[in-house]
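Shared between the two complexes below is chain A, which has chain B as its partner in the first and chain C in the second.
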Partner chain A sequence: MIPLAHIPTPHVDFAGLSPLIAFLGGAVLVLMAGLLGPRKVREHGVPLLTLVVLGVAAWLVIDQWHANKALVDGAIQLDSLSLVLDLVLIAAGVATVLLAWRSQAGREAGHGELQALLLSSIGGMSLLASAQNTVVLFVGLELLSIPLYVLCAAEMRRERSLESGLKYLIVGSVGSATLLYGLALIYGATGATSFSGIASAITAKSLSGDTLLLGGIALTAAGFCFKASVAPFHQWTPDVYEGAPTPITAFMAVATKVAALGAFLRFFDTALIGSHGEWAPAIAVLAAVTIVVGNVGALGQSSLKRMLAYSSVAQAGYMLAGVVVGTALGVKATTLYLIVYLLMNLAAFAVIVARERETDLGDSIQSVAGLGRQRPWLAWPLTLSMLGLAGIPATAGFVGKLYLIDAAVSGKYTWLGVVIVIGSMISLAYYLPVVAAMWMRDAPEGALEPAVAASPAALPVIAGGSPELDDLVDAPAAPARGAHLEVAAVALIAGSATLFFGIVPQPLFDLVQHVGRSFGL
Partner chain B sequence: MSQTTYGWLVLAFPLAGVLLLCLGHRSLPGRTAGWIGSAAIFLAFLAALGALLTMQSHGADHRQQVSSLWEYAVTSGIDARMSILVDPLSVFMILVVTGVSTLIHVYSVSYLDKDRGFVRYFAYLNFFVLSMLLLVLAGNFLLLIVGWAFVGAASYLLISFWYRRKTATKAGIKAFVINVVGDVGLVLGTFFILGHTHTLEFLGSFHAAEAGAFSHASGDLVAGCILLLVGAFAKSAQIPLHTWLPDAMEGPTPVSALIHAATMVTAGVYLIARMHPLFERAPAAQDVGAVVGAATLLIAGTIGLVQTDIKRVIAYSTMSQIGYMVMGVSIGAYAAGLFHLMTHAFFKALLFMAAGSIIGAMAGEQSLKKMKGFRKAMPFTYGCFLIGGLALSGIPPFSGFFSKDEILLIAGERGGWRWILYGVGYLGAFLTALYTFRMIFIAFHGKPCAEAQELQAGHLHHAEHPFNPADGEIEDTDVGFPGPSHAIAERALPMRFAMSLLAIGAVGAGLIQIPKVDYVVDDFLKPSFATSALYEAHTRSGILIAGLIGGTLIGLAGIAIAWRIWGSGAQTATAFQERLRPLYTLFAAKWYFDEAIDLLVVRPAAAFGRFAKDTFERTVIDDTLVGGPSGLVRAGSALVRSIQSGLLRYYAAMIVLGVAAVGLYFLLQA
Partner chain C sequence: MPALSILIWLPAACGLVGAIASRALAGSPASRTIPGALALIGSVAALALSIGYIVEYTPGFQSAHLATQTLQHVTDVTWIASLGIHYKLGIDGLNVLLVGLTALLFAVAMLAGNLRRERTPDRPHLYYLFFMVAESAVLGAFLAQDLILFVAFFDLMLIPFYFLTGMWGEGERSQRVRATIKLVIYTLVGSLLMLAAAIATGVLASQQHGTPITFVLSSLQGLHLSRGSQEWIFLFFAAAFLVKMPAFPLHGWMPDGYKAMPIEVLMVFSGVLSKVGAYGFLAIVLPLFPQAAVHFQMLMLLIALVSIVYGTAVAFTQTDARLIAGFSSVAQLGFITLGIFSLQPQGAQGALLQMVNHGLVVAPVFFIILLLSRRAGGSEDIRDMGGVAFRAPVFAALFLIVALATLAMPGSANFVGEFLILLGVFKSKLVIAIIGFAGVVGASVYALRLFIRSMHNRVGPEVASREISIRDGLVLVPLIGAILFLALYPQPALKRSEGSASSAVAGARALTEPNVLRIAASQSGALASTQGGSR
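This part shows the complex of A and B:
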C-alpha cells in the first residue's frame, strides 16, 4: 500500500480554474468530435459543440463574477480584470466560430482541428491575462501563439494564407524569445518569478535603477509590444492579417489584443509598478510612435483587412495610454476600450467576411461600394464600426477614447492625450472613405454575379491535407455564396452594440468598475 | 401613475407622432397626417392634465419630482442623466405648450390643406412640440441644452418650410445663426455654473447654490447668469438679438402663431424663472435682464407702429410683450411674468390666426396698405381679432389687462430705480393699444377693398399668379412654395374651432388671477419658487388701484388716438407721418438695428472672412497648416509602406533595431 496521504499537495481551487479547464477540455472534446462520421455532423455539429463549450465557460465566468482570489499557489489571479477579459475573449470566440462556420478555412483545415485550435488559443489568452507569475505568463503566451500560427495557415490551398502563417511563426518566435529573455533577466535581478515577489523585491532592494532589471524590462516590453502589435514591432501585422483567413484575422485582431494588453496591464502595473518612473516614459513614446505609424500606414490602403490591421496598430497605441499612466483609472480605461474595440472590429470583419462570400472582390474596398443601397443591413454595422473606430460621438468608440484621454490627462500624460486626438484626426482620412464608398458610390459592375468558381481539385496542393480536403475535392457544388445569416447576425449585433453603448455607456462603466481592484493601485 | 410617468408620456406622444409621420410620409392620404399630428399633441395635452391632477394631489412639499429614465454617463466629475423635472413650473409650461399647440395643429389642417409639403409640415411641427416639451421638462442642464438646440433647429426648418422662397430660406438662416449665438451663451453659462456646483441636475445645482457654492456676489455666477441671459435673449428675441423674429414671419402663419408667438420665444422667460435661485444670487444679472426687457418692450412697440406687413406688426408686438415678461421674471415677478406668458400665448396665437385668415382672403398678400374694410366680409375673423386686440391692449376684463398690470405693479412695489421700469411699462402699454388698433382700423374698417367686396359677394379672391408677399416674385404652387388653396376662418371649421377656443382663453384666462380676489397662478406656482426671497408678497392697495385704473385709461387713450389717426380717414395718418418725419423714419427703419448689426458684426466679420479666405487661408492654412501636416502624413505613409517590404528579414531586422532602441533607453536610465 502506497502511503499517499502525507504527500503535501498544493491546494487547487478547481472552481476558480473551471473556465480554463472548460476551454482546454472543450478543445479536446471538439477535436474528437471532428473525427465523427458524416460530413454534416462535422460541418455543423462541431461549431455547435464549440459554441456550447464557450457558453459553459461563460456561465462558469459569470458564476464567480465577484471572485477575487489567487489560484494555484498564487500563480494565477482570478479577479475582476481576468473575469471581464475572459468574457470579452468568449465573445470574440463566439463571433469567430460563427464567422468560420461555413468558411473555406473550416472546410480545408477540418472543422474539428480549426475549432480545437481556436479553443486552445482562447485558453492561452485567458491564462495570459490572469497570469500572476512569469512562468505561467510565458506558458500562456505560447499556448495562445502556437495555435494561431496554425490557424493563420488554415486555408492550405491559398498561398497568402500559408505565407501569413509562416511569417507569423518566424517573427512570433523572435518576439517570444525576446520576452523570455527579458523575463529571465528580471528573474536574475529580483530572484522571483511571481509578480508580487518581483514587486516586493524592487521596492525592498530599491532596484528601480538596476541595470539587470531595466534590461529585463526593456526586453519584456518589446516582447509584449510584439504581441500587441505596437510599433516598431508591428510589421508582421498587416501581412499576417491580410493573408490569414478573415474569421481568423478577426479573432487575432480582437482576442490577441485583449490578452496582450491584459498581460501588459497586469505585469507592468503590479510586478513592475515600483519602477513606473523608468518604464512609463518609454512606453509612452512607444504608444505615440504606434499611434502615428498605425494611422499614417492605414492611409491609402485598398485592402480593408490591411487597413484594419494598421488601424489595430493605432488602436493598440491608444490603449497603451491606459497602461502608461499606471493608475486605477488607466486600467479601467484600457479594459473599457478593449470591450468597445471588440465590438467595433467584429462588426467590420463580419461585413468583410460577408462581402468576401458575396463578391469576387475579396476584401478590397471595392467590395463594399454601393453597399448602402444594396445591403443596408450590412452597411449600417460597417458604418457604425468605422465611425466608432474614428471615435465619433454617439458610438461606443467615442466613450472609450474619452475615457482613455481622461486617464492620460489625469495621469499627467496630457501630451499623450493630444497625440490620441491627433491620431483620431488622421484616422478619419481612412475610415470615412469606407463609409463614403458604401453610401455614395455605386456597386461595381457585376460584383454580385457569382463567378465561375475554380474547381477545388484544380488548386495546387501546397501543404498538408485533411479528411475535409477530400470531401472538398469530391464536393460537386461550388462553395456556397451569399451572405450567411450568422455572419450578418454578428455584424448586426456588434454594430448595434457599438451604437447602444455610445448612447448608454453606463453598463460599460459599471462592468469595469472593479477592474484593477486587486492591483493595489 | 405618478406625475413623472405622465411627464414621460407628455414627451412620448409627440415623439411617436414624429416617428409615425416621418416613416409613413409616403402612405398617408389626404389630411390624415394633420389629424395624426394633432392627435399626438392632444394626447400629450391629456397627459399634461394627468400630470397636473396627480401633482395637485400631493402636498406642496412633494410637488417637485425628478425622474431619470437612464444614466447617460455618471462618473467622476459629471452626472449626465436622461432626467426630467416635473414641478408646478414645468407643468404650467407643458399645459400652455400642448394646449396651444393642439389648437394650432387643428388650425393648420385647414390652413395648409393642398400644400405639397403637408406631411413634412406636420412632422416638423410635432418635432417642434417635442423639442419644446423637452426644453421645459428637462431636469438638468444637459437635456435643457438638447431641447434648446432642437427648438432652434425646428424653428429653422419651419421658417424655411417653403424652401424655394429665397426670402424664407434667408430668414431661416438668420434665425438659426442668432439662435446658435444664444446656444453658445447657454452652454458657456452652464459651464460657469457646473464648475462650482459640480452637478448638471437643476435641483442639485440650486441646493449647491443655496449651500454656498458661490461666494457672495461671485463673478463666476454673474458671468454664468449673464451668459444664460444671452441664450434667453436670443430665443426670446430681446434686444440686440431680436432681428430674426420679424424675418421669421416668412414661415407659414400657424408657425408664426405657435413658435414665434406662443411657445418658443417664451423659452427665455421660462429659463430665467427656472434659474431663479441662481439669478437671485446675481442681482447684477437680474438688472441686466430687467433693463433689456424694458428697452425691448419700448423699442419694439415703436417699430410696430409703422410696419406695414400685418404679420410683422404682430411680431414686433410679440417682442414687446416678451419684453414685459423678461422684465417681470428679472425683477422677481415670476408668477406675474408666467401668467402673462400664458395669457399672451392665447391672445397672440389668436391674433396670428386671425391675421392668417385675412391673408387667406387676400390670397397671400400681407401688406396693411392693401387691406381695407374686412369687417363685414369676415365677421368671425373680425370678432377674434378684436378680442385679441383688446386683450393685448390691456382693456378690462380681457386677460392681458390682469397679467400685464401685475408685472408693472410688482415693478412699482420693488421701488427705487425700478419706477423707471414702471413708467416704461405704461408707456409701452400706450404704444401697444396704438399699434394694435392701427391694424384693426386699417384692415377692418373703412371702405372695403376689392378683395373684401369680392368676399362679400361670396367669392374668395384668388391671385392670378401666386406670388411672394415679401418681394412680389411670381411663384408656382409645387412643393417648396405655398399650395394653391387659401383658407379663411369663415369657411373652415377646424380654423373656427381653434380660434373660438383661443378667444375664450383670451377673454377669460385673466379671471383666474384677479388682485384681491383670487391668486390661482400665484398659489399654483409657489412650490417651484419655495426658496425664492422675491416671490410675490401680496400687494399694497395704493399702487394697485392706481395701476388698474391708470392702465385701463392708457389703453383706452391709445385706442382713441388710433381711431383719430387711422379710423377716421387716411388724411390724418399721412399728416401725422409728415409732421413726425424723423421719428417715423427711425421707427420704419427699425431703429437701424439690422444696419447696426450689419456694420458692427456682419461687415467686420465678412471683411475678416475675406481676408482669412484670400490671404490667411491660402498661405497659413492651405500651405502651412494643411499642406504641412498632410504632406507630412503622406510622406509618413509612404515611409511606413516602403518599410513594409513583405520580406521577413527586414521585419526581423526592424525588431532587433526596436529592441536595441528600447534597451538603450532603459540602460541609459540605469
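This part shows the complex of A and C:
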C-alpha cells in the first residue's frame, strides 16, 4: 500500500468566494446555454441569462456588504474595497451586455462566447482587485487579460478588430511578463509571496532601499502601467480601443481600469507601503507624465473612440494620484473616482454605440454633429459625460476631482493636485468641441439615411477563414439599423447618474467610507 | 424674507419648467413663447426678492477693533460631510448690492429677449433654460459663503454662457464656435487653478492649525496660513479673477468673445460676470490671505494701472462699438482693482460701488449699440453711424445720460465711486493715484467719442434715424432709472457697503498700518455722511 500523501488544504469559505464562483460558474452556464435552441432564442436568451448571472453576483456581493475577512488562507481579502469594486465591475458588465445585445460582435460569436468571455474576464478582475498574494495577483491578471484579447477580435470579419486583438495580445503579454518578472524579483528580495509577508519583510529587514526590491517594484509598476494604460506604457491604448468592437471598448475602458487601479492600490498601499518613500515620487512623476501625455494626445482626434482612449490615459493619471499619496484618503478618492469614471464613460460609449448603428460615420466626431436637435435624449448624456470628464461643477466628475486633489494636497503632493487641474484645462480643448459638434453644428447631409446593409465580408484568413468555408457557412446578417432602446437606456441612466451625483454626492462618499479600513493605513 | 436658496434656484426652476412645458406643447405656437414668458417671470421674481433683501439689509454692528460684519439670512447645510464642505449662503454688505445688480440685469435682459420683435430665438426652450441656469449660478457665486461652493458656482456659471454664445451668437458659425471655446478655456484655466488653490486653503489651514477640515469662509478667516502658502494660493486666485474681469495681460478672449455674443447675453456677461472676479478679491482673497495681499499689493496696483491705461488707449482707437465698450470695461475694472488693492476702506468701498455702477452703465451701452446698429444698416462700426440724434431726441437723451454716467460726471454715482477709489489710493500710493487720474480723463474721451460719432456728426451712408420704440424704451428705462436713483441718492448704497468693505480690508490693513485701526471705525463711519453731505 502506498500511503496517501497528506496535503493540508486551507479552509475554503464558500460564502466569501460566492461572487467569484458566480462569475466563473455563470460563464460555463452561459456557454452551455449558447448551444441550445434556434438562433433567435439564442440571441436574446444568452444576454438575458448573463444579466441574471450578474444580478445574482450583485446580490451575493450586497449580501455580505459589511464583510471583512481573509479567504483561502489569506490569499484573497474580502473587504469593502473588493466589494465596492465588484459592484462597479458588475455595473460595467451589465452595461456591456446591454450595449452588445444587438451588436455585430454578439452575432458573429452568437453561441454565448462573447458573454462567457466577458464573465470570466470579470471574474479575473474581481480576483485581481481582491488578491493578497502575488500568485493570485498574477492568476487574476491573466484571467482578465486572455478573454479580453479574444473579445477585442470578436468582430471576426473586420480586419481592424482582428488587428486590435492581436496588438493587445502582444503588448499585453509583454506587460504580463514584465509584471511576472517584477514579482519574482520582489519574492527574491523579501522571500514572501503574500502581501502581508512582503510588507513585514520590508520593515523587518529594512529593505526599503534594497536594489533587488526596487528593481522588482519598478518592473511590477511597469506591468500594472501596461494594464492601466499609464504613460509611457499607453501606446497600445488608442489603437486597441479604436479597433475593438465599441461595446468591448467600453468594457475595457471602464472595467480594466477599475481592476488595474484596484490592484495598484492593494499592492502598493499594502505590500509595498514600507518603501513608500522610494516608489511614491517615481509614481507621482509617472502620474504627471500620464496626465500631460493623455490630454495632449487627445487634442485634435477626430475619432471619438481614440479621443476617449487618450482621455482614459489621462484619467488613469488622475487616479494614480490617489495611489501615490499612500493614505486612506487616497484609497477612498481613487475608488470614488473609479465609480464616477465608470458612469461618465458608459454614457459616452453608449452614445457612440447608438450613433454607429444609426449613421454610416462610425465613431467619427461627425456622427454626433447636430445630435442636440435630432436626438436630445442622446445628446444630453454625452454632454454631461464630456462636461463631467472635464471636471465641471454639478457633474460627478467635479466631485471626483475635488476628492483626488484633496487627497493629493493632504498627502503633501500639492504639485500633483496642480498638475491634475492643468490636465483638466487641456482636456477642455477636446471635450468642448464634442459638445459644440452636438449643439452648435448641423448634422452632415444624408447621414441619417441607413445604408443598404452590406453583405458581410468573407472571414479573413488570419481568423481561420477560407473561400471553401465561406461557401459552406452563411454569414450572419448585419444587425438591424436604428436606435436601440437598451443602448439609449444605458446612456440615459449613466448620464443622469453623472448629474445626480454631482449635485448630491453624499451617497458616493458613504459608499467609499470604509474602503480604506483593511489597509492598515 | 424667504430663504436665499429660493432666490438662487427660482430662475433655474422657471427655466426648467419652461423647457419642459415647451416640449410638452411642441408644435403649438405657445411652445415658442412659454419659455420666454416663464424666464421673465422667474427673473422678475428674483429681482423682487433681491430688492426685498436690499431694503431689509441692516449694516452690521461695528466693534472698536475690527469692523465685524454678521451675515444675514444664513442657510447652512452640510453638503459633503467628509470634506467639510457646506452649502452655506448669506448676505453681507459686500454682496447685497451685487445680488440686486445681477437680478436687475438678468430681468432686463429677459425683458429685452421677450420684447424682441424680429424673432424669438431658435430653440427657445434651451435658450431660456441656459439663461436662467446662468442667473442661478451667478447668484450662487455671490451668495456662497463656503470656498468650494463659491468655486463650484464660479466655474459653473461659464457653461451656460458657452452654450448661449455658441448656439445663438453672432457672426459666422465656425468662427463663433472657436471664439466660444477660446473664451471658455481662457476663463476656466484660471478657475481650475483656483479650485486647486481653494482645496489647498482648506487642507493646509487644517494641517497648520490642527483643526478639522473646513471650507466655510467665516471659519477659514480665523485660520491664517503660513506666508509661503498664502503667496502661491493668492496668485492662483488672482489668475482666476483677473481673467474673468478681464485685466490687461489676460484679456485675450475678450474681443472675439464679445463680438460673438448675442446682445442680451453680452449685457449680463459684461455687466455681472466681470464683477464676480472683483467681488472674489474683496470677499475671499483679502480676508483669507492678507499677508499675500500686502506682499503683492504693488503688482496688483500695477496690473490695474496698466489695464486702465491700455483699456483707455485701445478704447479710443477702436471703431467697433462693441469693442469700445469692451475695452472701456477693461479700464473700469482696472479702476475697481485699483480701489481694492489700495487696501483702504475708502478704496474698497469705492470699488464695490463702482462694480454696481459699471454694471448699470455697461448693460445699457450694449443695448444702445444694438439699437444703433439697427439704425445703421446692421453695422456696429462707428464709422457707419452718425447723425442718429436728428430724428431721435429721446433716444439721444437716454444715451447721453448713460454716456455721462460712464465718464463719471460729477453728480453721477460713478463719480462717487471713482472719487472714493482715488481717495483710497492717494492714501496708500500717491504716484499710482496720479497716473490713475489719466484714466478718468481718458474715459471722457472714449465715452464722448462713441456718443458724438454715433449720434451727431455727418449722417452715415446707411443710417435711417428713427425714435426709440416703446418696447426698446421699456428695456432701457429700468436701467437708467437705477443709474439716476444711485446718482441722486447714493446714501443707502454707501451705508450698506461701508461696514463690510472696511472689514474686508481690515486684515491686510492691520499689517500695513498697525496703529490706524483704532480710528478706522470712526473714520469710515464719518465717511458716508460727508459724502452724502457734499453731494
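Basically, the second predicted complex is superposed on the first by the 491 of 521 C-alpha atoms of A that agree within 3 Å, B and C clash if a C-alpha of one lies under 4 Å from a C-alpha of the other, contacts with A are read in each partner's own complex, and residues count from 1 in each chain.
Following the convention adopted for this analysis, contacts are C-beta pairs under 8 Å (C-beta built on N, C-alpha and C of every residue); 3 or more make two chains touch, one makes a residue touch a chain.
Keep in mind the model is a prediction, meaning the values are calculated, not measured.
On the shared subunit chain A, the superposed partners chain B and chain C overlap sterically. In the superposition on chain A, contact of A:G209 is made with chain B only, not with chain C. Looking at the shared chain after the overlay, A:S121 reaches neither chain B nor chain C.
In the superposed model, A:L286 makes contact with chain B only, not with chain C. Contacts of A:F509 after superposition on the shared chain: both chain B and chain C are touched.
In the superposition on chain A, A:T335 makes contact with neither chain B nor chain C. Look at A:V409: by the touch rule set out above, it reaches chain C but stays clear of chain B. Overlaying the two complexes on chain A leaves one chain B stretch of 152-160, 386-394 or 512-520 clashing with chain C, which is 152-160. Overlap of the chain B and chain C interfaces on chain A: residues 399, 429, 505-506, 509. Chain C meets chain A in the complex at residues 79-83, 123, 126, 148, 151-153, 155-156, 159, 162-163, 166-167, 173, 176-177, 180-181, 184-185, 188-189, 192-193, 195-196, 199-200, 202-204, 207. Contact residues on chain B toward chain A in their complex (touch as defined above): 70-75, 633-634, 636-637, 639-641, 643-644, 646, 648, 650-652, 654-655, 657-659, 661-663, 665-667, 669-670. If you check the complex, the residues on chain A that touch chain B are 167, 170-171, 174-175, 178, 209-211, 214-215, 217-219, 221-222, 225-226, 232-233, 235-236, 238-239, 278-279, 282, 286, 292-293, 295-297, 299-300, 399, 426, 429, 503-506, 509.
For chain A in complex with chain C, the residues that touch the partner chain are 372-373, 387, 391-394, 398-399, 401-403, 405-406, 409-410, 414, 417-418, 420-422, 424-425, 428-429, 432-433, 435-436, 439-441, 505-506, 509, 513.
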